[in-house]
Structures are given as C-alpha cells and as structure tokens.
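Written below as structure tokens is the structure these notes are about.
Read from first to last, the chains carry the letters A, B, C and D; within each, the first residue is number 1.
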Amino acid sequence: MQLTETLRARRAEKDILLMTHLVLGYPSLAVNREVVRQMVDNGVDCIELQIPFSEPVADGPVILKANQEAISHGLKVRECLEFAAEMAATHKIPFLFMTYYNILFKYGVEKFFKKAKEIGIQGFIVPDLPPEEGEEYLNLAKKYGIAPVMIFAPTSTDMRMRELAGYGEGLVYCVARRGVTGAQTTFDAAFHDYLAHCRAATNLPLAVGFGIASKADVEVLKGKADMAVIGTATIRLVEGKGPEAVGPFIAGLR
Amino acid sequence: MQLTETLRARRAEKDILLMTHLVLGYPSLAVNREVVRQMVDNGVDCIELQIPFSEPVADGPVILKANQEAISHGLKVRECLEFAAEMAATHKIPFLFMTYYNILFKYGVEKFFKKAKEIGIQGFIVPDLPPEEGEEYLNLAKKYGIAPVMIFAPTSTDMRMRELAGYGEGLVYCVARRGVTGAQTTFDAAFHDYLAHCRAATNLPLAVGFGIASKADVEVLKGKADMAVIGTATIRLVEGKGPEAVGPFIAGLR
Amino acid sequence: MIKPGYYGQWGGAFIPEILYETFRELNATFARCQADKTFWQEYVELMSTYSCRPTPLTYAENLSRHFGGAQIFIKREDLNHTGAHKANNVMGQGLLVKRMGKKRVIAETGAGQHGVATATMAAKFGFACTIYMGEEDVQRQRPNVFWMEKLGATVVPVTSGSRTLKDAINEAFRDWVANMDTTHYVMGTVCGPHPFPAMVAWFQSIIGIEARKQIMQHFGKLPARVYACVGGGSNAMGIFQGFLDDREVELIGVEAGGKGIATKQHAARLASPDASPGVAQGYKTMFLQDSDGQMCDTHSVAAGLDYIGVSPILTDLWEKGRVRFAAATDAEVMAALDLTIKQEGIIPALESAHAFVHAFKEAGSLSKDEAIIINQSGRGDKDIFTIAHAFDDPSWKAFIREKGKQYAAD
Amino acid sequence: MIKPGYYGQWGGAFIPEILYETFRELNATFARCQADKTFWQEYVELMSTYSCRPTPLTYAENLSRHFGGAQIFIKREDLNHTGAHKANNVMGQGLLVKRMGKKRVIAETGAGQHGVATATMAAKFGFACTIYMGEEDVQRQRPNVFWMEKLGATVVPVTSGSRTLKDAINEAFRDWVANMDTTHYVMGTVCGPHPFPAMVAWFQSIIGIEARKQIMQHFGKLPARVYACVGGGSNAMGIFQGFLDDREVELIGVEAGGKGIATKQHAARLASPDASPGVAQGYKTMFLQDSDGQMCDTHSVAAGLDYIGVSPILTDLWEKGRVRFAAATDAEVMAALDLTIKQEGIIPALESAHAFVHAFKEAGSLSKDEAIIINQSGRGDKDIFTIAHAFDDPSWKAFIREKGKQYAAD
C-alpha cells in the first residue's frame, strides 16, 4: 500500500512524523490553501482533509463549529473534491480524507473511492464506520488501493486491536483518550501502557491524535508512536493569528 | 302572634301592604336611619332589616355588595342590634330581622332571640334555615313570641307549602321566581297560578318579594297577595339618588 | 337518633327553600344509585377505562431509606385523568346527572383542578358547563382557565367577597337556585349541604378500597398510619374510608398552616385554635370566622386547601378522636416537595405535599416493619406557575419576562 | 443472512471505535435481560406500581358518533407517570443500567418529555443525570427544564447546529464517548445504533401487548386500523408490535407535515418524497438531507416529531408495505386537538394529535362494526405554552404579559 510505504520511508528518516488536519472550507478554501502550503513547507508528513458533515459526533466544539460554518457558507462536497485534487497535485506528501460515513454513502461509496483515487487521495479516516459496518467500504478500499485507516481507542482490548489491525492499511490512528477532539490529554502511565498495546497489535505506522498541541506533547510520543496528529491546535491558531502563524508553529513542533 | 295581627289589621285598611328592606350599615347606619324614616313616613307597613353576613348565598349582586361593604367598613352585629332597637323604639311599624343562620348561631340562637325580643323585633327571615334544620329555632320562636317567617318558592309543591305553613308565623314570604334577589320577575300565568297555590296553602298574610320594583309590579299583586316586598329597588335608589329619593318612591308605589 | 346528613353534630342541609325539591330529587337519585349495585360497577368501569383506576400504590424506597423508619407508600391519585383525585368525584356525579336527565352542570373551583375535572366530565357526557372561579384565582391559575375554556366550559370570574373559593361556591349556588331544573351543581369536595358530603365521600371511597387491598398485597399487613391533606377533605375521606374500621390504623389529616398558625394567615380549621362551629355554605362545621360569624380570609400556598370550612364528616371524626389533625406551613411544604421530587422522581401537587410534610416528620420514629401511606391527591406539574414562583427560580422568571415581551409586541 | 441490528437494509451500529466495548457490554446485558423472564416481570411490576400500567383503552363514544364510522378507541399513554409513553422506555433502560452497575445517565431531549422522564428515572434509581437539549428548545420548553432541574438533573443547552433535537443527540454522544465507563446513554426513541432500536422497541412493546388484549376484551375482535404518530417512532413501534402478526390490522404511522409538504417545512421522512437513505447518528435510515448528505432543518408544531431520521424498524416495515405512512399539517393537528378536547374531555399531546388527524380522516369510511385504535402517546397539558400560543389565545397572552411585568419589576 502506497501510504504505508511512504510513511515508513519518511519515518526511517525522522524520529517522529507529523500529520496535520484541517476542515475544508473553514474559514475558507483560500485560507485552507495557504495553511496547507505552510504545513507542507514546514515539513508536515501527511495531511487529513476533513470534508464537513452536519453531524460530526466524534468532534469537539472547535472542529464542530468549523464543520458547521463551512456548510452554512454553502460549501459543497464537489468543491472539497476539487480542492483536494489541487492539493494532491501541488504537494508531494500524502493527503487523506477524514469525514463521516454519510458523505461517502450519499455520494455513492464506490463513486467516492473512484473519485478519490483519481485525484490522488491515499487514505480515508471515517470515525463512525466500524469494520463491522464497512464490508463494502473495505472491499472498495482494496479495489481502489486507498488505505482504510483503522482507529484504536484506549477502550480497545488487545483482541479488538488485532482484529482492527487486520482490516487496516496505511496507518493506525490511535485515539489518545476518551472523549472528542480538542480537549486536553494527560500522558500518564496508562497512556504509555495503551500505546504499548497498540504497538503490539500492529506493524502499521501508529499515529496518535486527540489533544496533541505542542512540542512537549510531540516529544512524549517519540519512540512510542510513529506520528503525531495535530488537529484542533492549528484550527485554533488560524482562528486567533491567521494562516501565517501555522508555518512557525509547525516548525517548532519537532 | 303580634306580627300576624298587626299585618291583618293593616291589610283590612289597604288593598295591599308594603314591606321594604335595607341592609344595615350600607352605605352607613346614618343613611339607614334616614331611609327608614322616609319609608315609615310614606306609609310602609313593615321593614326587613338585613344583618350583613359575609356569605349571603340567596342574594344577588346588589344586596351581596351591600353586605360585603357594610362588613368591610367594620360593622358589627352588636351595632345592628343597637340600631334595630332604636328603630323599633322610634317607629310604630313592625320590624323584622333578615339574616343568614350563622349570625344567630354564632351569637347563640337563644341569646339572639332574647335580645331581639327585648328590642322589639317581631319576626325573623332566615333564608338558609329550612324547618328541617330549625327545630331549636322554631321552639325558641314560640318561646319568645317572634314570628319565624317561612318561605314559599315557585318550586314548592302544595304538600310542601302546607308543611311550611304549619311551621310559620307572622307572614309567608313568597319568592316570586327562581334565582336570587335583584333580577327581573315576569308576572305571567305561571306566576299567578303559583300565588293561587300559596294562597290555598295558608291563611297567613302572603308577602311577595324578588323583583318588585314599581307601582305596576305592586298593582299586579293586588287581590292575589297581601304585601309587596321592595328589596333591591330601594338600595339601587339610595345608591343612585340618595336617601331623600326613597320617600317619593315609596309614596308612588300605591 | 341521628338526623340524616349529620355526622355527630356536624353537617346538615342548610338550603334555601327554592332548592328543596332539587335536593329531594338528588337524595332520591343518590339513594337509588347506592342501592343499585350496577351503578357502582358502571362507575368503577368508567374510572378504569377513562381514568387509570386502580391508581398504583408506589413504594417510596428512597424516602423510606432516607428517614430510616417506616416503609413509605404513596397512593398515586396524581395519575388520574386530569391529574388529581377530583376526577373520581366528578365522574361519579356525572353518572348521577345522566340518571337525573339534566343537561347542564356548574361547579366552583379554587385552583382550577375541580373546574378542569368538571369541564372534562361535561365534555365527555355532553353537558353544558359553567365554572365559577374567584377573580383572583382566574388571574393566578390561567392555565386551568385556558383548559376549561378549550373543554367547552364557560368560566365566570367571581368578583365578590375575597374573590376566592368560598365566593365561587356562593356564586355557584346563586346560579343553581335560578337553574335547578336543568342544572346539577357538582360540588367539588365533601362539604356543602347533605347529600354532598355523603355523595362525594362515596365516590372518593374508591381510593381507600384500592389502597387497603394494595397495601395488604404489597406489604402483607395494614399500615400504621395514613396521611392525607385536607382542604374540603375529599381526598382524605377517600383514603381514610378504607381504614376507618381498622382501629389500629392511625389517620392523619394535614391542613394548610400557611405562613404559620401564629400569623393567622393559614387555613387550619381543626389543627389550629382559630376555628369555631358555624353554619355556612349549606352545612355545619368548624369554620374560620370572626366572633360575629363573618368568615375570615384564609391563606395557603396551595389554592386547593385555601378554604374556610372542612368536611363535617372529618370534623366528627376529629371530635371523636378517630382522625388526628396537623398543619404544614408553606415553607415546610416547599421543602417536602423538593425532597420528594429529588428522591423519588414524583412531583406531588402543593396540596398533596402537605400530607408528605407530616409523614416525613413522623416516619423516622416508626419501626422499619411498619408501613405508612401518603395519599398523593394530585400532581404538581399543573402548579408550575406557583411552584416555580415559590422556589423563586430565576430562569423561570427570565423565561416569563421574555415571553411577556414577545406578547407585548403583538 | 440478516446482520444483527438490521431491519432489511436499515439500522446497524455506526459507532466510533471508542464505544465498541460499551456496546459489547450493552448488547450482552440486553441479551441477558431479554432471556431472563424475571427481568420483564420486574419491568412490568415497576411500571404497574410506579406508573399506571396497564394504561387504559378508552372508548371514544362521542368521536365515534361524530364521524359515524368505525368505533374509535384511544390507548392512553398520556396517563403514564410523567405524561407520556417515554416513561416505558426510560424505566426499562433504568433497570438495565442498574444491572450494568453504572451510576450516571445522560439523554437528549427535544420537547423535554424524554428529558423529564429520564431525570425522573435517575431520581428514582439514584443516578446522576445530564440532559442535553437544544438551546432553542431550552427557550421554548422552560417548564420541562424547570422540572428536570428540580429532579436533580443538569440540563445542558446545546448551541451547535440547528440547536434542536438532532444536535442534542450529537452532544449526548460526545459526552458518552468521554464517560462511557460510568455512564449510560438513555436514547429516547427507536433510533440510533443497535441495540437501541431493538431495546426501545422491546420496552415500548408493552403498549401493544396491552392494547391487543384490551381491544379483544372490550370489542371482541381485532381493530381494522391502528394509528400512531411517528417522531423517532417509539410509541408507534410500541403499539404496532401488538398487531404486526395480524395481517388484517392495518398500521398507520403519522409524521409531522408541518406547514405542508410542499413548503419543505416539515418532518415527514416516509410520507414525503423529500427523504433519502443515509447514515447518521449511528444508524441507517431515511433522512431529510440534501444531495451532499447534510441534514436539513425540519419543522413541526410538535417538538417531539421535529426530527431528521426515523426508526430503521419502521423504515423497513414501510418498505415492506406493512406500515402505511401519512403526514398531518400543523393546522390539521390544531383542529383535531380542539375536536378531541371538546368531544371527549381528553387533551392529546401535540405529537399524539397527529395520529388523531388521520384516524379522523378515515374513521367515517369504515363500517360501524369495525374498531380503530389511536395511540395517545402523551398528554397535551405539558404543551400549554405551545398550544395556547398556537390557538393564539388572547387571555393567555395577557396573563403572560402581566406575569412578565411582575417579574420585570423584581
């Protein structure tokens, strides 16, 4: 799988990778474009593009608001795909789609995979689609060579993790704690224990997200995970200081 | 019985008698005093003095209001008795007490009879005391020689009228129609039929009240009843034109 | 010999002569219905299909644990259609009215509970309906007025006297003496002239019949005590009748202590020294009256208890020592209400909460193998305006202010 | 083979991974309880002592006469404790929570009915309780918020999205993914991820079990049709389950037609052409969504029907032709409400009144020896603010203005 290989290759050169996230259309595609450029220029290894959905149940207040504002400004899925196509063509790093299942479902799941493949998207993160519900999705992922990213949670048992790992490709997204995006995470003994279990369950690159917001946070993950995921932190940054603050922030994380 | 005889004697001289009514303390005892004087001076044959009660269920809005205003101005039963004593001493016609049973009951029924006798009151009208509830009352009436006035109603059967007549003294008060005091009465065939039944049931003088307000009304009763009762009409008159209007009004009724 | 309609020295029928025939007919019909077993069957059937009788007896596990004494059971009259025990009486009288062939009913109402129940019965039976309600209560209890009107009743605000319950009763009598041929007066409680106390007590006895059976079933023995609030006394008489012959069951009636007995702003007839024997509104009982026999103004946070008189049957039972009386103040009532809501998820009417106050005071001193029953005469959600106000809830006030502004703009 | 949690192509459990274990436990507990006969007994016992089950089946004699067709029966879920069928589901889940040993419950609520029911259950069972409610609904339904708070619950106004029911559901999920170890999410209707539809349908089946028995008893044969309003679909599923196997009984679900299907301001998923298959809030069903899959704003005078999705079980029954769907407009609802109040003295909730609309449209065309049942899911007096407003009642407005002024002066 292309995504797995790309990440493994990059990981061979760095002690930790960085994945960043943005909500398409928030505050605007123009700002998104600038933010992506700054991220790529400052060494980000992989970017999640979130296609807004009106009911983002796994997201906390910041990303929730971003989803809803983007939609209320009239953003269409078609525009998201066009924008993603442009990013994938412009920048050399892997881009993933993060969204909720209804966006794929309503578009037509196969049509969506086909389109994503066409425009160079390498993986999907769909937080409300457990593998039990994803038979068609997983088959199509294989067919189109797009990585269906699996999610590990602190509540996942070893058995469950191994099961999930069996379905996954590209990377495994390890949710750092209970709750939704945007709140703080405590990197305590239980957290390290959790990561050890994650590590034991799969050979895929481990990305850790939810509450990673600073150099110190990223530091903690070194040696225990392969990639740190910065989500809410950059959205807050853009809201507060504009897109030009993103570059220096990213540069300072590692 | 003194009251019966007085009324019979007066009736022998007139084709119809007049009984008037006032609510003690409304608008004030001073005005009551003047009203009584005018009534007597203009030939009224008998006067009902109503001792106010807070719950006058048999009375319509005008008399109800009079009761409540008198009480709210602080009128006491003691004052009513004193005023009645003065009236009975001053004027030569019979005075009756009209009130609700609780006034007697709370005062002490026998004490009340004794007092009334002392001050020269000749009869009681107690609209919420049917003879079935009045054993003590009827005995005391006999003992003190005060007429317990019975009430006939258009709903009374012949049998009931005869029964009531057996308990009564002084006069029988024939309620002219259904309802409470103060509304209009229609003197139709049914009314005349009713009076005929009243007449057949008793030899006591028949007083007709409820809705008698004009010379024409009084005229209708001639030959069918012995006495016309003017209640609400004079209260309205005093409210509208002051006590000095009472004399001419009474004078014009016969 | 005891006169019919008397309970000891209390009761009677102090009615104007014009109603003599009406009462004769009413007494005769009532006697016929009492003698006719199918009437009671029809009544029970109606109450079990139109309302939800038998109403449950709920074991209040948390409150029992909280007080650590007697096992507390709650008789759930609040679950009746229209939300209170008033439905029992009203539907029963409705069946009587059908038998008498009358086509119109009238009633007094204080809080509006009995008015809503009567308007409901009238809608169901197809009677015309007029409800008399003190002007002050019309203002305070607009939601109930709204429902009565929606149910097709005419609500007449009574502007005489203290503009509350007793004045509404007087006004209903005034209507009745004019319209008795077509109209039945649905008295709302076990007061008024005979046969009303007997009749209302009879219909309400369904509560006690059920409660006795239920406590035996759930608890295996009779309760030590039964508590009920007492306005006119109908819910209390209703449940007490199930246990009157069980001398070991203590019966406690709880009256409105208002702002405290000492303040005179209360409605405690039998639990205060302030009442005296009197005759008013057609019957003899203990009334809150002055030395002249003029009736006093009463006060309670619970409109349904805010009344000058009390059932002659209860006065007799009190005099004979069979029923003990106590008073609960407005403040105690709010506290008991709060506790009951939080502990059991049950919202008693303000009236009913009076009974809870005394049950709570005494539960702890009874042993765990004893039971007590509280009669929850009605549900409290009907009282939201009063309860939210009494709790001085700031969000509620803000909500009402906001709504008021919206309507002001209309 | 049909996947567990699927009804035809509808349903499923589209849940975030973090809840996987929680759902495993929930499914296991639910399966154990379903297999354990004493659980259902305990549930029925609870509902018959804490609420008043069996709720009556009322014969609506006047309405039947009025329409001159089928005999109309009304299943009286309004008489439940807290005033609606919501109590069935909530108390059932409460028993489950006890078995799971959890100490906190959360719930979404639209009108507030499910919130009050959940807060009530939490008070009774001693659970901590948080209720999520759209900010707009908090404003509109202050009385229910007041009661929830009095019951000890924390009410969290949800300010995201359309600030109504669907957003409250999302917010409850967000709480749950943080607190699943201690907390159970009491879903209020037959929607959401498996096992919620199955679980809620199971608890609500008590309505249909009773109704079938009652109609056989009172009418001697099965009804021709059964009507229920459909928000999420829980009251409808509840009563329909009593008759699903009786192919001769036609089942009709009535959705919110709002201001009319043509205006797009409605919440008719199955009775309008506006919904399409989708996956949201954890399950697959017909949703009111745009061509991108973004959920639409819906509208109904009845907050409880104002929702984008519908039970996957009902969608399946609709697809298979077993349940017919229709929509009732706000205006039709107010007329049916008025008629029912005046004719029967019964006040349906605005939600329930939707079912009455279609029963009334069709009753006249059925023969007199047939019966129909309308499920009255709740009582309307909880809706006074909405109903009085919808009837544009001038005295009500004046009352609120006056109260508002009083509070403004505070």
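In the analysis below, a contact is a pair of C-beta atoms (placed from the backbone, for glycine too) under 8 Å apart; a residue touches a chain by one contact, two chains touch by 3 or more.
The shown structure was predicted, so the numbers you read here are calculated from the model rather than taken from an experiment.
The distance from the centre of subunit B to the centre of subunit C, each centre being the mean of the chain's C-alpha atoms, comes to 37 Å. Taking the mean of the C-alpha atoms as each chain's centre, subunit C and subunit D sit 33 Å apart. Between subunit A and subunit B, the centres computed from C-alpha atoms are 98 Å apart.
Shown here, the protein chains touch in a chain-like sequence that does not close on itself.
Here the chains touching each other pair up as A-D, B-C, C-D. Residues 48-52, 55-59, 62, 76, 79-81, 83, 119-124, 126, 139, 142-143, 145-147, 150-152, 218, 338, 341-347, 381-382, 384-385, 388, 391, 393, 395-405, 407-408, 410 of subunit C are the ones touching subunit D in the complex. Contacts from subunit D toward subunit A in the complex involve residues 12-22, 160-161, 166, 170, 173-174, 177-181, 276-282, 284, 287, 289, 291-295. By the touch criterion stated above, subunit B contacts subunit C in their complex at residues 52-58, 60-61, 64-65, 68, 71, 76-77, 100-103, 105-107, 127-130, 132-133, 150-157, 160, 164, 175, 178-180, 183.
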